[in-house]
Amino acid sequence: MKRSKKVYVAFLLPALFFYVVFMLYPLVSSLGLSLFSWNGYGAKTFVGLANFRRLFGDPSYSARFWGALKNNALFFLFTVVLQNCIALLLAAFLNIRRLRGAKFFRSVLYIPATLSIIVVGFLWSLIYNPLWGPLNHTLGAVGLGALKRAWLGSPHTALLAISVANAWQYTGVPMIMFLAGMQAIPDELYEAASLDGASGSRQFWGITFPLIRPVMFVISTIVFVSNFSAFEIIYAMAGTTGAPNYSTDILGTFFYRICFGQRLGLQPDMGVGAAIAACMFLLIGVGVFFWFRIYGKDGDL
Amino acid sequence: MRLNRKKWSWKIFFVYVVLTLYTIYTLYPIFLMIATSLKGNLEIMQNPSGFPRAVTWKGFETLFRRENFGRYFLNSIFVTVVSSAILLVVSVMLAYILSRYVCRLSNFLYIFFLMGMMLPLRLGLLSLNDLLNSLGLIDSLWGLIFIYVAMNIPFTMFLLTGYIRMIPVEMEESAFIDGANTWTILRKITVPLIKPAIATTIVYNFVPIWNDAFFPLVFVSTKSRRTLMLAITLFFGQFSTDWNLVFSALTLACLPVILVYIFCSKYLIRGMMAGALKG
Amino acid sequence: MKKQISLILAIALLLTLLSGCSGKTQTAETTAAAGTTAAAETTAAADTTAGTTAAAASGEKVTLKFTGWRTEDQDAINKMNEKFTAENPNIEVVYEPVAATEYDTYLQTALANGTAADLIMMRSFSGGKTVYSGGKITTLTTDSVPNLKNYPDSAVSAWASDGKSFAVPVGMTVEGVHYNKDIFDKCGITKTPDTVKELLDDCKLIKDKGYLPIAGGVAEPWYVSEEITSSILMATIGSSQWVKDLYAKKLDFTDAKYVQMLQTLQDLEQYYPEFYDGVGYEDCQQLFVTGQAAMYMSGSFELTYLTTTNPDLKLGCFAFPGQDAAPTAVNFTAAVGVGGYSGTKYPEQVLTYLNWLASDEGGGAYANGVLGFFSPNPTAPAPESEIAQQWSALRDGREAIHLMGYETMTESAPDYSTAIGDTALKMVTEKWTAAQAADYMQQQMSWFFK
């Protein structure tokens, strides 16, 4: 099929224009700040790689960097389990032909994804509030009072608590995407399998699961990228200090805190902040690169 | 080959139980938000989990008295709809050529466009500030629109290319041979076939654009140009300990989107489900 | 789907046309009746879009926009502004705050893109200096703002960089302990505690009677740093010499007095609410203002909020007790300064307002209207509110030492405020002794001592 170059360029230019001018240029030029020392207001001084040296050489900074990276990994792990696995399960259920009311469930379960992150953060902060939050209140009421704790205040539970809130909000998204993928699978395959005597779950693992690999690839890429560049949900529920005890400090909040400073405290340092962002970019880029290689080998991109 | 519908199955029962429980889990926080907006502050502290014992509308009354939400609502609609429309058109075109014109340049561009997703958006804040300023787009809703379009192109392209690639080229080839130009093919063949993807991206983009309160905060200073979400967050930042008021504001913030979503969900989800190719 | 897209595009086109009209001028705008505010908004916007530099000297009406982070004080400040307008009928000042968490980012972008308000609330010391270094804040001199002379050097220098003033010192706050007189009466406590031991005894008594002694929590680092440990520390060290020695690096955070401060904090925590590791600033506010807690460690700036939210609350205050004897020092904060945006269209009016704030009358009006913010101008009249006067009096006969973590210890991560907040929480989760916590604090702040 012969394709015309003119069409190619014509179709490319609008997107390219918006993207380069309003997204790429500001971001990349800000990355360049990593070679400068700047407080966001005054003069910029060129410092070469000093910011990177500080980020990795100064223990106060490097400890935070690796800690944040670790938390990102944990956050990703929690999300995969709490969000994606559950989404897969729900989609599998909703895919069952006999199921009545599937449409109702589908619609309802997506509702949290329409909420603003600020709202979700606020809501769940109330739920987790140790003094008058419904979670502790209910635990006490059903006799599980021993489990009551400061969910967002304890470094052992804070990140998990936020992950639960995050998963609550977004499970509907991969669920719908999985479901769309599942429903694209022709019925004949299932009928043939039934004729051969395969059970429901056997059919799932043998037919459904392999055939939705493209969807799984898309979802896992999105989740990887969005988790490692996450900021909003943590910001809404724990602020940028990484409280408690930096257990909720992820690369996004670490970047923001250093870059823009904190109210009544740390002065802004956009140079080191940009260095952190550059590292985030490299990390995510490398991660996606390897992921594409692994998945790409199976042909389905 | 039909299964006997009357036959009871423990499996199906189990499935229903799980789905119902999960639905309750999903809806409870939203119920909580609405219930809290109707409780007095003291009751919120004493009875956080349940139905309001004494309903009070004070929160909502205060909200409507103090602010001109009608204007902000229109602003939000304008920004969201225009951004989504431009975004969709631009991204479909992009995704199409990246999927159909397979060459090194396309591969490079694919990665090039994905790069944007890997950087924290707030990094570019000051740069964006200078850019909009020099373009004269500060304090303009169009400034916001252009930013939103740009921000969402990577993901939208990513999603759409995935779907387009699932459609065999042959479907378009016959039309091409008949002399149709690419734009017509795109409109008449490809787009209808990727309805699920388009519906997904509409919802996936619409929502964060509508809900964003950060860019309006820093780039829009005239009060009458504020968006709804911004107005609400500013409002409840002011009264952060008046929980009744805060939750009234939050409820108000969520309701438009939830209502629109519920109204459209049947259509949208059907669109998303209308699945690719069956056989 | 094509239909849907067409529909969307049609709506978009329609709305574009509609907004295209209203986007240009604001005069056609109909905001809900909000009295002068709406009218002022229209006037200001019309001025802006008309592109004229407003007639400064002539008798034309001008509206100045004033921005800040004190959202709780919005009504109080606007009421105070009415007094100003009564004397300067051609100048109206509208205070529109931005939430404290977003204020710094908002200010940064607004100053850079030229949309900043005319009057800007400035933080003292390093917070304000950083903003000033961008060159967009007007430098104030005794020529442009003659009433600056009313202030002692210590106040002016809190809002100055290399001797150049960038804000009028408007409000200082005092940190101490709010208490609920009703609960104290019911528990039979007739005298506020002077020593830590007395305080702990009072707490025990209150707890035994079934009340919550202290509304406190260590979840939010800034609250721990500025309202809790600050008061305890100043009362413990008794004089500013300790702080001077610390800044001169003659001693560090492992010093016995700092350990003692942490020990006192730990001793008090048993009288905090359950799960205080997850209790934050607003939770404490709630507990106290609803009458559930007997005491609340915070600052005088809470008064507006406390008195308006629960007018029935019988408020009292006392300085945080000294270790072995009555306290000889209290913590104070150079909280609010007001500066001018250098790119304002009304520089003369801005200076007029700033000069008024710096006058006895203006300083008094601020202190009187915005409870708990005291004027550093010694000749400004005292606020009428009794409870505000009591807070001000906490400084009598004592040295007022400035809050730590403002003047210095902010240049590198972690800054003082974050570090002490982190330390206090870790002391709880790791079940450390005060000495161990002090070691951790020292380790966190070791960058300062290099």
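All chains are identified by letter, namely A, B and C, in their written order; residue positions are counted from 1 within each chain.
Heads up, the rule we're going with is that a contact is a pair of C-beta atoms (placed from the backbone, for glycine too) under 8 Å apart; a residue touches a chain by one contact, two chains touch by 3 or more.
Note that the coordinates shown come from a computational prediction; the quantities given were computed from them, not determined experimentally.
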Inset, instruction - With one step meaning two chains touch, work out the least steps from chain B to chain C. - result: 1
Inset, instruction - Name the chain pair with more contacting C-beta pairs, choosing from A-C and A-B. - result: A-B
Inset, instruction - Averaging only over C-alpha atoms, locate the centres of chain A and chain C and give their separation in whole Å. - result: 35
Inset, instruction - Take the average of all CA coordinates in chain A, do the same for chain B, and state the distance between these two points in whole angstrom. - result: 16
Legend entry - Multi-partner residues of chain B (at least 2 other chains): 45, 89, 125-126, 233
Legend entry - Set of chain C residues in contact with two or more other chains: 100-101, 105, 108
Legend entry - Residues of chain A touching at least two other chains: 40, 129, 131, 260
Legend entry - In the complex with chain C, residue positions of chain B that touch it: 41-42, 45, 66-68, 71, 74, 77-78, 81-82, 84-85, 88-89, 125-126, 129-130, 132-133, 138-141, 187, 191-192, 195, 198-199, 217-219, 221-224, 233-234, 237-242, 271
Inset, instruction - Enumerate the contact residues on chain A facing chain C in the complex. - result: 39-42, 58, 60-61, 64, 128-131, 136, 148-156, 239, 241, 243-246, 257-258, 260-268
Inset, instruction - Please name which positions on chain C make contact with chain A in the complex. - result: 69, 100-101, 103-105, 108, 111, 123, 126-127, 130-136, 217-222, 226, 273-279, 283, 287, 405-406, 410-418, 421-422, 425-426, 429, 444, 446-447
Inset, instruction - Provide the residue numbers of chain C that touch chain B in the complex, in ascending order. - result: 1-2, 5, 8-9, 11-12, 15-16, 19, 23, 26, 29, 31-32, 34, 41, 45, 71-72, 74, 96-102, 105-106, 108-110, 112-115, 282, 285-286, 289-290, 305, 309
Legend entry - Touch list for chain A against partner chain B, complex: 1, 3-4, 7-8, 11-12, 14-16, 18-19, 21-27, 29-31, 40, 86, 89-90, 93-94, 96, 98-99, 103, 105-120, 122-124, 126-127, 129, 131-134, 137-138, 168, 172-173, 176-177, 179-180, 183-184, 186-188, 191, 194-195, 200, 214, 218, 221-222, 225-226, 229, 231, 251-252, 255-256, 259-260, 270, 273-274, 277, 280-281, 284-285, 288, 301
